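Look at the two complexes coming up: subunit A is in both, with subunit B in one and subunit C in the other.
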Partner chain A sequence: MVRFLVRRISLIVVTLLVVSLAIFLVTEVLPGDVASMILGQGATPSNLAAVREQLGLDRPAPARYLSWIANAAQGDLGDSYVQRRPIVDIVKGRLGNSLILAGFAFLMAVPTAILLGVWAGIKRDSLGDQVISIGSLVAISLPEFVTGVLLMVVFASTLHWLPSSSVLLPGTTPLDRPQILILPALTLTGVLLAYVMRMTRANVIEVMQSHYVRTAILKGLPMRRVIFRHVLPNALLPTISIVAMNVGWMLGGLIIVENVFSYPGIGRLLLTSIQGRDVPLLQAVALLIAATYAVSNLLADLSYSILNPRIRLS
Partner chain B sequence: MSDILITKSSPPQSALLTVWGALLALGRGFGRQLWMATRTPAGRIGLPLVALHAIIAVFGPLLAPYLPTEFHLRDQLSSPSWQYWLGTDEYGRDIFSRLLSGARSIITVAALGASLGIALGTFVGMSSGYKGGRTDEVVMRIMDGLMSFPALLLALLVLTTLGSNPQNIVLTIGVVFTPRVARVMRSATLSVKTLEFVQNARLRGEPAAYIIFKEILPNTIPVLTVEASVRLSFAILLASSLGFLGLGVQPPSSDWGLMISESRRFMTTAPWIALAPAAAVATLVIGVNLLAEGIRQAQHLPLIEEDISS
Partner chain C sequence: MTTTQTNNAPLMEVENLSVTFFTPAGAVRAVRDVSLQVQRNEVLGIVGESGCGKSTVGYAMMGYLPGTTRLGGSIRFEGQDITNISATELRKLRGNTIGMVYQDPTTSLNPVMRVGPQVEEVLRQHTRLSREQARNRTAELFESVGLAGPRRIGRRYPHELSGGQQQRGLIAMALACDPHLLIMDEPTTGLDVTTEATILDLILDLKDRVNAGIILITHNLGVVARGADRVAVMYAGHVVEQGPVRTIFKNPRHPYTAGLISCVPQPVTHEGEDHVLRNIPGSVYSAQEETKDACLFASRCPMATAQCTASAPPVVDAGDGHLSKCFYWEQVNSDVWSAAETTQSQAKDPNAAPILTVKGLHHFYGTPRRRFVFFGPIVGRPVRAVVNVDLAVKPGQTLGVVGESGSGKTTLARNVVGLIHRTSGDIKLQGEDLGPGVEDRAKGQRSAIRMVFQNPTSSLNPKLPVSHALMRPLKKFQGLKGPEARERAAALLQAVGLEPGHLDRLPGELSGGQQQRVALAATFAGKADLIVADEAVSALDVSVQAQVLNLLKQHQQEAGTSYIFISHDLGVVRYVSDDILVMYAGHVAESGPRNSVLRPPSHPYTEALLSAAPAPDPDAVPTRIRLPGTVPTLRQAFTGCFFAGRCPRKVGDICDTTPPPAQQGPDAPSHVIYCHIPAEQLKELQLQRSNGKQDEVSISA
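Now for the complex of A and B:
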């Protein structure tokens, strides 16, 4: 187990280095350097030179990458170019807000999805199963911004039950006004719920057809015991890795949902930095999102291997 | 679907002919998979939905009552009527006409992007899987590295630096999809590679390109078709999401995602601006997903007729 941990954690460090290099290369080395990105089309050569010097762009790219990544590893992400203050200060609250939203959606979606998926898998081809299957296919097909806008039309503009925008006053957290969380979390839940449910259902169906389940049924065990002791442990294992794979998807969904509802999280910040051509902030936010993704994959791998002795012992 | 296509002997031919022959076989294979999908309920709903959108993409602009960029300043934000079937937006542009022209742009961009990703991914995955050993390991590590980015983030980064235009969006979708397709096609290759007819071709001394294109590729068609349809649906989602975030097709051209994004300001007064493009994206993706589901289900159906000779 210790060796497994060491290997996985060193792998994550490598991944983060590769990812940070990729972010750096994409934003700095592709045609159109940072200075011209910041200044846009009306840039004059002297303006460009001034900005380049200010950002230290006159230094060679490898040196800039090394100092960026070394500072980032020590928790210093540099200064935002537009807001002129340390990026760490800007990001901190935003990251917390995003985690609250994502956690809320996760808690709503995953247990419901597993319950419905197991039920649909056991009652395969029943009316309820068909309704669930068709419903989840539709939910998967709707992009987050479509679901979000539809929910907005219904619950905000027509029924006036919930606020249509999730803007927060500075210095407050979403927990002070929990009602602004509901629509974004519901939107985020839609796809996640549908996806996890479909996978759970497929796993349950597969396990139900296995020989050991048939044996268990034929030797006269009560159905309840067959399901809880034989089907669920085996069907839910792959579900864990699917839930983890969905974290990446959810991060993408978070970017969209936060922008649909103007929710002050990391995804909204990403788009603000793109629109404001704030390259240092953009790099930092991108790195943060990629790091979250890598860490959640690690956690998923760990929990999977803890629960599955076949992997732990190999 | 476990038909195995066996080539008996190989007449000497150029690499170009090999590829051309493989592409023809691929086209035939895709066609048959689509036809098989119509035997399932999902496919019977999905295929017409997709076909309808494809027809609108091709002929839509001819049917449009107005130019998509034409301002009707007297009829701003007017609700659906005989004159404007789906109403107008804040500049008095006809929503129906904008919807039709948006169909062409999103379907073209998504289809080209998905095709690029599938072509690159298939090439990388199959050659890496066929070659095996050290090369395979290095290539797949690089692919894993590319996948350690959430797709939308990678797309946003690339488009921000390169600037957003249709070619770059296609390129971006292609790059984002390559590692994902490569992984699927690699494992498909690994399972076909060990079969006897491949060993046979190897012992005959066929070049690697011939074995990959003419022996292995035709036998991965079921996997490839499902992957292609799934990728198409993701490409539409990705392209329309980019549009929503303002990095899609640039204004004044119409883009479904952007139309929805801009509609939020008029949510209370003119909800039809949001509903029309929302319904358009939804039906398109639902159609593609149903088709994918149909193809998948059809592969598990007992075969009625099967001509291996073709």
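Now for the complex of A and C:
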């Protein structure tokens, strides 16, 4: 187990190094000049040079990469060009907001998805199953910016049940006004819910046809017990990896959803940093998203091995 | 459980049962007309080829027929017709008064649940035992089915048990609530011969211990001959014959039964002239066909007349409860099946120069490779799959290789063919070195060795027609062009008993037996000098197995091809082989001419294998040499004898400390036995045992 953890964590470190290099290279070729963005159109060449020197942009790229990554490893992500304050401070609050939104969506989506999936799998080919299956196909096919706007039109503009924008006043957290979370979370949930549901349904159907479920039925057990003791523990195992894979999808979704609803999270930050050519901020956010993805996969593998006696990590 | 049965009513009575499944591909008439009875303290064997409806009858008795099904007739258990009782009442029978044991123990146990709780669950459902009492009772049950350390076993997960242990666990589960009826669906199929023997012993022991009726469903006539009191023979959803086991085997009154019996290779201990296996031509009447007013077996029957296709035969009583569904039951005898045509076998020269020699072959799996510290899999010590194997195959002759699963047979075959790269050792074909992999070998060498695999369904490309499999070797190795190749391919199909019309079929449209014949034809097409057949007939029904075996023998006589024939079935190996190599845990235990290996003196492992194989003869005296456990997976070299851990004739410390010497057998110089017990003494001990005397194994060291 320890050996597995050491191996996996070193693998994550290597992954993040590769990702950081990719991020750095991409930001290098990004069009636009930071100095002219900061100083505006009328800046003189000497002023521009001074700003560049101040930001360290005159140094060769490899040197800049190395010092960036060395500082990041120590927890110092540098300063934002635009906001002129430490990135760590900017990111902290935003990351918290995003995690709240993602966690809220996750808690809504996963249990519902599993419940629906199990039900549809057991009642295979029934009307309910077909409605659920078609509904999930629709949910998968619609991109977030469509579902988001649709929900906004229905629940905010027409019914006036929920706020259409999820802007936060400075100094407050989303938990002070939880109702602003509902629409973005619902939007975010769609795809995740549909995916996990479809996989759960497929697994339940497969397990229902297995020999050991036949054994359980022919033991004379009531159907309820067959499902809870024999079908679910086996059918839900693969769901864990599906959920982990979809965390990555959800992180991508966050960027869109946060922008649609103007929610102050890490996704919106990523977009503002791109628009403002705020390279250090952009790099930090991208790296953070990659790290979250890697860690969630590790957690999925760990929980899978704990729940599956056939797998012993070494 | 309240029962209202009178004392002489049968425990289970099935009358005119028919079961039809409705599938998207059409109606499947799995059971057409079955009537049978089982009493308490009686074992009823149900036999027949696959697709005859045996298992469906078993599951129907459990009220378990999934999908859209139409059921006719009645199934009365203790007076209650279970075809129309409520789900709740059915649940009270299942696992309680009717227990069931399944074919594949590995997949029949819940993989994420410990074995103990899986049994406790049955007890908790049907009895008022407390959690603690259920746990104790489970331990007792495990003990009673021969699981040592029952509490420890109960805490294991299924994958931590061997196949034999899993099956014992399932039997314990079926016995948990003292069932009145025990249904066993192919309980020993898929297990090694040695494990099969121990499970069969357990079933027979249960018959005396539990006061229950037992239904033993199997395709293995040997199992029925040893285990059953009465036998029902099923064909195409009908019971075509039923009666007491001795009568059925000695005096069959249906040509199908007579045919099945003559398809099975003679028991390995059988002395005397070589016989030729009889064939039942064709394949089972398809369950998708309508039931006709005719004998459904007529198309394959050598005795069929116009009457057989004009009307269905009635059930006749041949006396003594012996029922047959044949118009000509009085004329049935074992000669109704003509032997396959064989040309007089040419005298084989036991001293011919070998076509293939293997010297000092080693194959280790998972040899550590150079790798980055954190990435590649962590490779422990390599598994020693084949250790120091020598063998020789003579031209036009067959070397049979036997051993339990895990003994290294397949690894050996793959090394010879070049599918995997040997760790060390030499392989020579006609005196010339063979490279480790096919890619290292000359074109001529590649076409000289061909392989036939166990599972034809997965070794033929499902998307390409049969012609592709046959024409490819013809074009590649014999340089034939399109039309020529097609013509030759058609001829090959006819040689294996198929039609040229089969050329354009997809493998999926053929039956398993037909597919294996296509695979054989493709192998013959390459004009190989040596064919390596790895369990090539294991997945086939006895009738088809006999067809394929005879085909192999016939081809050998015509083309002079040599075979390496790998099988776990000693009867089959005996039938086709000139020489036999017995493998255990990657080592050669014994090798030599067939009759020398099969007759005493034999290696104790060979002796155990011989004794484990159930003979299709109810009068055969069962010999009780049993090997517990399974073949070990070896990561370290043995300090002593490779077989010491399971040897029933172990003589002492010498077996653990010193590798056994190679001894020459008395009859043939090429007969080699790796054992510490001197050959003369082995012979004496084994003759004593077969004469029924108890023996004490000792060595004068």
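Quick note on the criterion: the second predicted complex is superposed on the first by the 287 of 314 C-alpha atoms of A that agree within 3 Å, B and C clash if a C-alpha of one lies under 4 Å from a C-alpha of the other, contacts with A are read in each partner's own complex, and residues count from 1 in each chain.
To be clear about the criterion, a contact is a pair of C-beta atoms (placed from the backbone, for glycine too) under 8 Å apart; a residue touches a chain by one contact, two chains touch by 3 or more.
Note that this is a predicted model, so its numbers are computed, not measured.
S.K.: If we overlay the two complexes on their shared chain A, which of subunit B and subunit C does A:Leu95 touch? Say first, second, both or neither.
M.R.: The answer is neither, since A:Leu95 touches no partner chain.
S.K.: I'd like to know which partner A:Ser164 touches here: subunit B for first, subunit C for second, both or neither.
M.R.: first
S.K.: Go through the superposed model and pick first if A:Leu142 touches only subunit B, second if only subunit C, both, or neither.
M.R.: first
S.K.: Return first, second, both or neither, reflecting whether A:Thr27 touches subunit B, subunit C, both chains, or no partner chain.
M.R.: It touches subunit B, and subunit C stays clear.
S.K.: When the two structures are overlaid on chain A, which partner does A:Ile69 contact: first (subunit B), second (subunit C), both, or neither?
M.R.: Neither subunit B nor subunit C is touched by A:Ile69.
S.K.: Check whether subunit B or subunit C contacts more residues of subunit A in the superposed model.
M.R.: Greater contact footprint in residues on subunit A: B.
S.K.: Residue by residue on subunit A, keep only those touching subunit B in one complex and subunit C in the other, then list them.
M.R.: None.
S.K.: Spell out the residues on subunit A that touch subunit B in their complex, using ranges where they run on.
M.R.: Against subunit B, subunit A makes touches at 15, 18-19, 22-23, 26-27, 30-32, 37, 137-138, 140-146, 149-150, 152-153, 156-158, 164, 248-249, 251-252, 255-256, 259-260, 270-271, 274-275, 282, 286, 289-290, 293-294, 297.
S.K.: Which part of subunit C faces subunit A closely enough to touch in the complex?
M.R.: 62, 64, 90-96, 100, 102, 104, 107-113, 121-122, 125-126, 157, 159, 170, 173, 374-375, 378
S.K.: Over in the complex, which subunit A residues touch subunit C? Could you list them?
M.R.: 3, 6-7, 10-11, 14, 210-212, 214-222, 225, 229-230, 233-234, 237, 307-310, 314
S.K.: Subunit A touches which residues of subunit B in the complex?
M.R.: 145-146, 148-153, 156-158, 160-163, 233, 237, 240-241, 244-247, 257, 260-261, 263-264, 267-268, 271, 274-275, 278, 281-282, 285-286, 288-290, 293
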